[in-house]
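After this come two complexes, each holding subunit A, first together with subunit B and then together with subunit C.
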Partner chain A sequence: MSSTISLNEDQRDALQELMNISMGQAANSLAHLIETKIGISIPKISAVTPSELFSLINRSENAYYTRQSFLGDIQGEVMAVVSESGLTEVASLLEYEAPLSKSDVEETILELSNILAGACLAGLSNQLELATNLNMPTLFSPNKASFVELNWQHSLVMEVQFDIELSSFSMRVVFCLDRTSLIKLTDTIDELLG
Partner chain B sequence: MAVPLLVADDSRLSRRSVIKALPPELEFSVTEAANGREAIELLENTSFKLLLLDLTMPEVDGVGVLEYLSGKSDRPDVIVISADFQPEKQRIVMELGAKKFIRKPLDNEELAMTLFELGYL
Partner chain C sequence: MFQQLVGKLPVGICIVDENYNIVFLNDFFVDRMESDHRSDYTDKPISELFPEQAKFLRRRIKSVFVLQHPSFSYWEQRPHIFPFKSSRPITGEETQMYQNMEIVPITSPEHGKLACIFLQDVTAQASYFIAQQELSLALKREHEEQLKLIKKLDSAQSQLIQAEKMASTGQLAAGIAHEINNPIGFVTANLNTLKDYAGSLISICENVADKAAQTDEKCQIFINDLLESNHFELLKEDMTPLLDESREGLERVRDIVENLKRFAIEESSGWQLLDLSETMSQMIELVSVQYKIPTYKLSCQPECVKIFCEPGGLKQALMNMLINAAQSIDKKGIVKVNVIGNEQSVQIKIIDSGSGIQEHIIKKVFDPFFTTKPEGLGQGLGLSVAYTAIEKHQGTISVSSKPGVGSVFEVNLPVIDPEEE
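Moving on to the complex of A and B:
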């Protein structure tokens, strides 16, 4: 049996809308930086077990992975899946010169993660009046064994996708929260819903 | 007389906040649509004076609704209320005939000012 936390329909709807607003702010930050239009998906909200989270993260081929922890009124981790495809074009929009060195590629990935995940988290925190602090992202390779050991035994996954027009680039951002933070988040949403 | 208004947004929270933000001096007869397809079906059968339209919606998005309306002679005033406020997106919706683009989270005063500019207040 899957031991996940369920959200009621109003909570899910509210969280989806809060994420949508946060994503808009994130996409706008990046669009201004690279002067290119960013496509954003409708956010998907789901509660998953660690092994389901692994499958969700690992379903992309030819991708880079980053993770960033955040602390504060709610704590958790933001994971980003960054496509290899189109990364060179995006790096050139960020003014890296081709051919990209290994460190150029890493810097581009970490910068994109920081801008998009950071703006998403900031948007969500601001709207809910929660204080959060995001640490720097690091690259990682998903590994099933390590996912089973994660703190997020009751993960709430908020998954959003950004696509950059004129390139095959895409990026998914997944937020994971621990149980205490999830309760804090749903309580705050309930207050907002009045 | 009440202004026939359609609010199209896939989020109930957002529709609720839009409806709550309507200026109390005006009377509205409000209909809600939860996606662009529902909005188009309602627009086909009912004459609305005003449409408050989200962009990022399932089935048919807000741009699809504006495209549907672009060929119509009897079309409502459209105010787009969206979180996706990139300059390119704003340009597209204004070219498709939207009267105004308002960013989410919605600022009640900005909505009232827009309704004033459009002659509703």
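Moving on to the complex of A and C:
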């Protein structure tokens, strides 16, 4: 088994389209819940090494990080990078009352990550007819050292950015799949492509 | 069987319908509820049974119904959602249960869309985690205190080294001063004699010049040529001032040596009364020899301020500050020393119009080994030694500075009664 991960162009296109739909559904769900417009970027799909993953998620200062694992037919982790700016407005949309305590802020971040990650995953799973379950999200602070020690060489990541209108808030969601799940995913996509 | 199993699960299960009314509670919930609610909870709104976090629960349940996606709550952010007592009411330190909650969407043919709350008792983990955190905090504090102690020890050690060095430098200076005094003595005496001799020589030459006219022409020309070729007129005029200046120079050398001796000798002389005005003036004289650029000013109010102190340490402190002030001036500027004394305290201000101290380092200037001088030119001990010495006199030392404008070092010393010491 080679250590690099490769998707052919068809697979990549299909996955990108699937992600697009899932992310759209996710944005819709959140928009519905907090009654405001949400913008999404075009999903980026790439194969990364641990240090590339680190620089991918560690691009912004003043951000919070969450991670959430999922199990089932495909397994992996979703990481979310939540901007500090605009968080107060979003919290008030989620019916938190100002001033926000530290716990309120943390809860808002965890809830947002959970909603978006959950919706993305659910969308993807539904379209591919895969069963997945999301576990409890937790806050974490990434540091380069711990990424270097990760025991994988390559992973497939799918990245998308959400922006909330009327606020400077933005959030990036990064999906990472392990190798077995990736094979499962590409097989499923191949089946779909027929 | 499943009914029994669900009932006995060690996880709380609470199912609500889309109107937030309770459809089912398992034993975990029922056992922990107030007795009057235990029998008739069905179809009651969840906010009536658990009003404490009703708003939060409603919001989360709503999100589950809308998104059809699980929602989580973690004890760290929201420890007590349901008002349940700790599972260790007798032996535990906690009174309330720490809870993790997960709400998942489910459906049933009878009720349609439902939300199922899973409640986990994580009191043990939470209290363990909290204890760990407290422990780590305590450790951190201890560690910081140790670091402080180590720093203190370090600075004490460096001050000892410095004191030792100063003591030996002082002895050395006293020895050298004594040695210099001897040659100065005989050079001064010789110069006096030399001046007498020069006077005699000049009058001889003048006489010879006067008498030249009375001799024959050949001799007259010879004498005049001789005087002229040796620039007698210039010699005559220049010799006395030259000798006088040399003597003045020697006197200055003698003064400096004297100052040095006086300054150095009282190293470990213990506590005694010190005339600050005299000390400062001596000190300024000493410093101005080495640092000639600044203009020095001294003002003393009243004219004579005496303080009971340990002269060695205090002088060292003031000297270090004065040298710093002098060094801060590289072109033109003033170093001013103000001494103000009253019955309770003495204030010494050393003001310079030098380069000043950058704001980000001003807190560090009293730290041992902190220096802005190039490597090898300063050990960064001067002000730290001063600080310790002033502290030993129960005084305070402070600094204010503006880069490019200058600095003010202020020392406040309480007047100590010799009896008390």
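Here is the rule we use: the second predicted complex is superposed on the first by the 186 of 194 C-alpha atoms of A that agree within 3 Å, B and C clash if a C-alpha of one lies under 4 Å from a C-alpha of the other, contacts with A are read in each partner's own complex, and residues count from 1 in each chain.
Definition applied: a contact is a pair of C-beta atoms (placed from the backbone, for glycine too) under 8 Å apart; a residue touches a chain by one contact, two chains touch by 3 or more.
Keep in mind that what you see is a predicted model, and the values were worked out from it rather than measured.
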### Task
Scan A:Ile42 for contacts with subunit B and subunit C and give back first, second, both or neither.
first
### Task
Report for A:Leu33: first if it touches subunit B alone, second if subunit C alone, otherwise both or neither.
second
### Task
Classify the contacts of A:Glu129 with the two partner chains as first (subunit B alone), second (subunit C alone), both, or neither.
neither
### Task
Examine A:Glu106 and indicate which partner it touches, taking first as subunit B and second as subunit C; both and neither are also allowed.
second
### Query
In the superposed arrangement, which partner chain does A:Glu191 touch: subunit B (first), subunit C (second), both, or neither?
neither
### Message
Considering only the defined contacts, which subunit A positions touch subunit B in the complex?
### Response
10, 13-14, 16-17, 20-25, 27-28, 31, 37-38, 40, 42, 127, 193
### Query
Which bits of subunit C are touching subunit A when the two form their complex?
55, 59, 62-63, 66-74, 76-78, 100, 102
### Query
What residues of subunit B sit close enough to touch subunit A in their complex?
10-14, 56-58, 82-89, 103-105
### In the complex with subunit C, residue positions of subunit A that touch it
29, 32-33, 94-95, 103-104, 106-107, 110-111, 114-115, 118-119, 122, 134, 136-138
